[in-house]
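Same chain, two partners: chain A is paired with chain B first, then with chain C.
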Partner chain A sequence: MTTSRAGSQESAVKVLTGCISIVVVLVAWQVSASSGLVDASYTSSPLEIVKAAAELVTSGELAQNLPTTLFEFSIGYALAVVIGVPLGMLMGWRLRVRQVFEPLLYALYVTPSLALFPIFVLVWGIGTTSKIAIVFVDVLATVVINAMAGVQETDARTLRMAHAFGAGQMAQFWKIIAPSAMPTTVAGLRLGVGRGVITVIVAELYGGVVGLGVMISAYGSSFNVPPLIVLALLAGLFGLIVGSLLRRIERSVFRWE
Partner chain B sequence: MSHITFDSVKISYKTSDGEVEAVGDFSAEIQKGEFIAIVGPSGCGKSSVLSAADGLLKPAAGNVYVSGEPVTGPGHGRAMVFQDASLMPWRSVESNVAFGLELRGVGKAERLRTARELVKLVGLEGRERSRPSQLSGGMRQRVGIARALAVDPEILLMDEPFGALDAQTRESMGMELLRIWENDRKTVLFVTHGIDEAILLADRVLVMSAGPRSRIVEDITIDLPRPRTREVRVGREFQVYRSRLSNLLFGEQDARTTEPATR
Partner chain C sequence: MAWTSVISTVRADDQGKIRERVYAVVLGGGLIFIGAVAWQLAVMAGAVDEFLTSSPVLVIEGVVKQIVSGELLVNIGISGLEFIVAFAVASVFGISLGLLMGRLRYVKYAIEPYVWLLYSSPVIALFPLIVLIFGLGAPSVVFIAIMLAIVPLIVNAMQGVDNVDPGLIKVVESFGGNELQLLRKVVLPASFPTIMAGVRLGMGRAVVGVVVGELFAGQGGIGYSIDKYASELNTTQVFSSVLIVIVAGLVLNFIARALERASSGWRTDL
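For the complex of A and B:
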């Protein structure tokens, strides 16, 4: 009890000190912008950004664009998880499957997927589908590689134990390999969120009709800095929330680590 | 008919230098209810002999028979206790103990009931829901023993189960094991490198020579009364067994490597 109390106090202190540093930066930023110390047309200022955010919300511009980006990300990400986790685990478990898919996946993992984007656009057009596809490809590689690593890290002694107690191949997979691979697999899901968010927005920058990336591209080319920063912050915030949600799940489910 | 028969078991390993014959010719007859200790220098293949008895490892030649049937793979009548306990860190104590029953398709309520009884038997009552990481080494090993006992095997195979524990814990675990064993006297094969432990626990000690091509050099019947207590160790008989075993295990080596005393 006392330790968890001390722990929550400790984390409260951590949050507080984190806030202080942010506030200091914001105040310094505002002061230097309004005093003319820096050129506010490049850097904008916290107050301008808040104003721009309010405008993006009230004008309905955000409501028009955000759902598309979220949709593209969510579908691409979900497909990558649904296919990537089983595929990665299978690759870790079965040498033959690994031999077939590993070169392809590593190639995919290191290739800047944006290089492939023009092809995706040729195939699926400039709309939503090509973005889902590119998010899928990018997240898939991350998810597969981590799920595979998780399986390969399974303790051989635990497997031997299961075998000694009469576990067949399937029982060994479901009762030993899959649970012991979960922490690394979920870490891969978390990394995948970061990659997916970056990819969907950058892909929209390339070309599109609606979406956060399209807005960023538009404001960027008209040198309208405050909404640009709002959108960048929004993307960061989204990644942060989903990422820390997954981290929370990791911590509560995989307490044995 | 003997319960376990080792019939000229040979065990070899493939290494980068080719095939090494670790165990040369291991033959032994073990009766039902006997507590057998297998001792030998490290690397003599005593753990491999145990693996062969469980069917985890196929002998290069020879056979192991249990109740007259050749061993071809892990089977229902046998259960193994491992040196490192080999618990599943993501499962609670009771769920670890229930693992063998789970694999045999025993229903959840029943297997948890059995598991809790055994958790109690090994002295871990109250820790049913703990995770292995919250337990000491000795406690983890108790869980390993409970897991093996949960499937109610006829033969208990123990691979240096107390090898990683400190001396004091090790001794109390040994006494604990004897207490549990006295309940129903299962056949036990207990691999150890501890001479005292072997004498204290076993009815017979099989002494293996150093590898490669190790074999049994001596089969010593330990004629000490049961149930045994710690006090048995201070008796003269115990000391006689101990010096005989240590001569067998370290004698020649000592003569070769130890410098003459300088006092």
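For the complex of A and C:
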């Protein structure tokens, strides 16, 4: 009991210190901006940022652009998961399959996938298709590599036992390999969300018609800083929230781990 | 003669290993080779437009052209320098900050929220602001790369310190060791492998920062030339430059993994 009380006290200290730190930074930022200590046209100020956020919401500009970004992200991400998880598991399970795809995926994994985006633009134009493709490519490598690692972590003794008791290949896969690969696979899905969100926005920034990245690009080229910061923060918070949601799901589902 | 004696000493399990190596190269290389051949044939048969898709032969010729004209050397020089500066700065600041956060929990609690925000934010989205402050070109690119690379360096150094055996720390403290001695004798050696894993991740993110930063804010380098050739609709040179980026990524990843392995080997000697 004492340890759990100490633990909850510690996490209260953690949250409190974090909040104090955020408040201090925001106040210092506001004061230095409004007193003219730093040039507010560069740094903006928290109040201006809140005002810009309200304006983006009430003007309907956000509502106009957000769905496109979410659509591009969701389709690209879903495709990467649907193809990546089975492919990764198969690669972890079957050596020959792994040997076929590993070099290509490895090259994809260590390359900044956004470097491929200009090619996608040349092929598919600056519409949604090229964004879906880049999110797909970026998330795919992460998902495949984690699913593969998950399968490879399967306890060999459990597999031998299943084999000894006459379990067939399919039974071994569905009853032992797939379940034990789940935690690592889901961790890959979580990492993929963060990467995918950043990728879709940067891709839109490079070239797009509608979307958050396009808004950022427009505000950036007119040096209108407050909405620029609002949008960057929004993207960061989205990644942070979805990431911690998935982490929570991971913890409650895989508690037995 | 020497060769035959070497071969005859190869044992059966080594032969198995060699066979596996051959399989890996043939199967993995086979997919890439078949893909390249299909691409080349499709272009030659006129099934796809060469102007849009280029072709493997043209791409290789493009790389050779970049080598001969010296363009490749200049680009690697610019991007390489940006990478080295960004990675060095990120390492020094990131690891120091991470160690400090690991040792002082209030510092950790106060700074952690910003680290996670930095991790999940598209730093590149702020490039208009960054360019406004640092100007177009290398300084902006270096700044973007630092912001990307620093996160895993901080987080891993912090976790490395967190995982140090508290008993060891207590021993040093009760024998009157000061913070510096504690750092040198216990904390750094014990957290070194975790820090090196962070170094590997940080290197990867620094590459992303340099290439993507150049795409938006560069005035030279490999990322910049991808963007330049794309705006000229020079598909072949875009592919050639991307191929160079892939090779650079593989080489750097190889170096980072070797460093990481060396560091964990060093630990087992301890």
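Methods note: the second predicted complex is superposed on the first by the 242 of 257 C-alpha atoms of A that agree within 3 Å, B and C clash if a C-alpha of one lies under 4 Å from a C-alpha of the other, contacts with A are read in each partner's own complex, and residues count from 1 in each chain.
One rule holds in what follows: a residue touches a chain if its C-beta (ideal position, glycine included) is under 8 Å from a C-beta of that chain, and two chains touch if they have at least 3 such contacts.
On a predicted model such as this, the values are computed, not experimentally measured, just so you know.
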item	value
Partner chain(s) touched by A:Pro179 [first = chain B, second = chain C, both, neither]	first
Partner chain(s) touched by A:Val13 [first = chain B, second = chain C, both, neither]	second
First (chain B), second (chain C), both or neither touched by A:Ala164	first
Partner chain in contact with A:Gln99 - chain B first, chain C second, else both or neither	second
Greater chain A contact set [chain C / chain B]	C
Which superposed partner A:Pro67 touches (first chain B, second chain C, both, neither)	neither
Parts of chain A lying in touch with chain C, wherever the complex brings them together	13-14, 17-18, 20-22, 25, 42, 96, 99-104, 106-107, 110-112, 114-119, 121-123, 194, 197-198, 201-202, 205-206, 213, 216, 219-221, 223, 225, 228-229, 231-233, 235-237, 239-240, 243
For the chain C and chain A complex, residues of the former touching the latter	23-24, 27-32, 52-53, 105-106, 109-114, 116-129, 132-133, 204, 207-208, 211-212, 215-216, 223, 226-227, 229-230, 233, 235, 238-239, 242, 245-246, 249-250, 252-253
Chain A contact footprint on chain B (complex, rising order)	54, 56, 74-76, 79-80, 82, 84, 86, 88-90, 99-100, 102-104, 131-133, 147, 151
Contacting residues of chain A [partner chain B, same complex]	155, 157-158, 160-167, 171, 175-176, 179-180, 182, 254-257
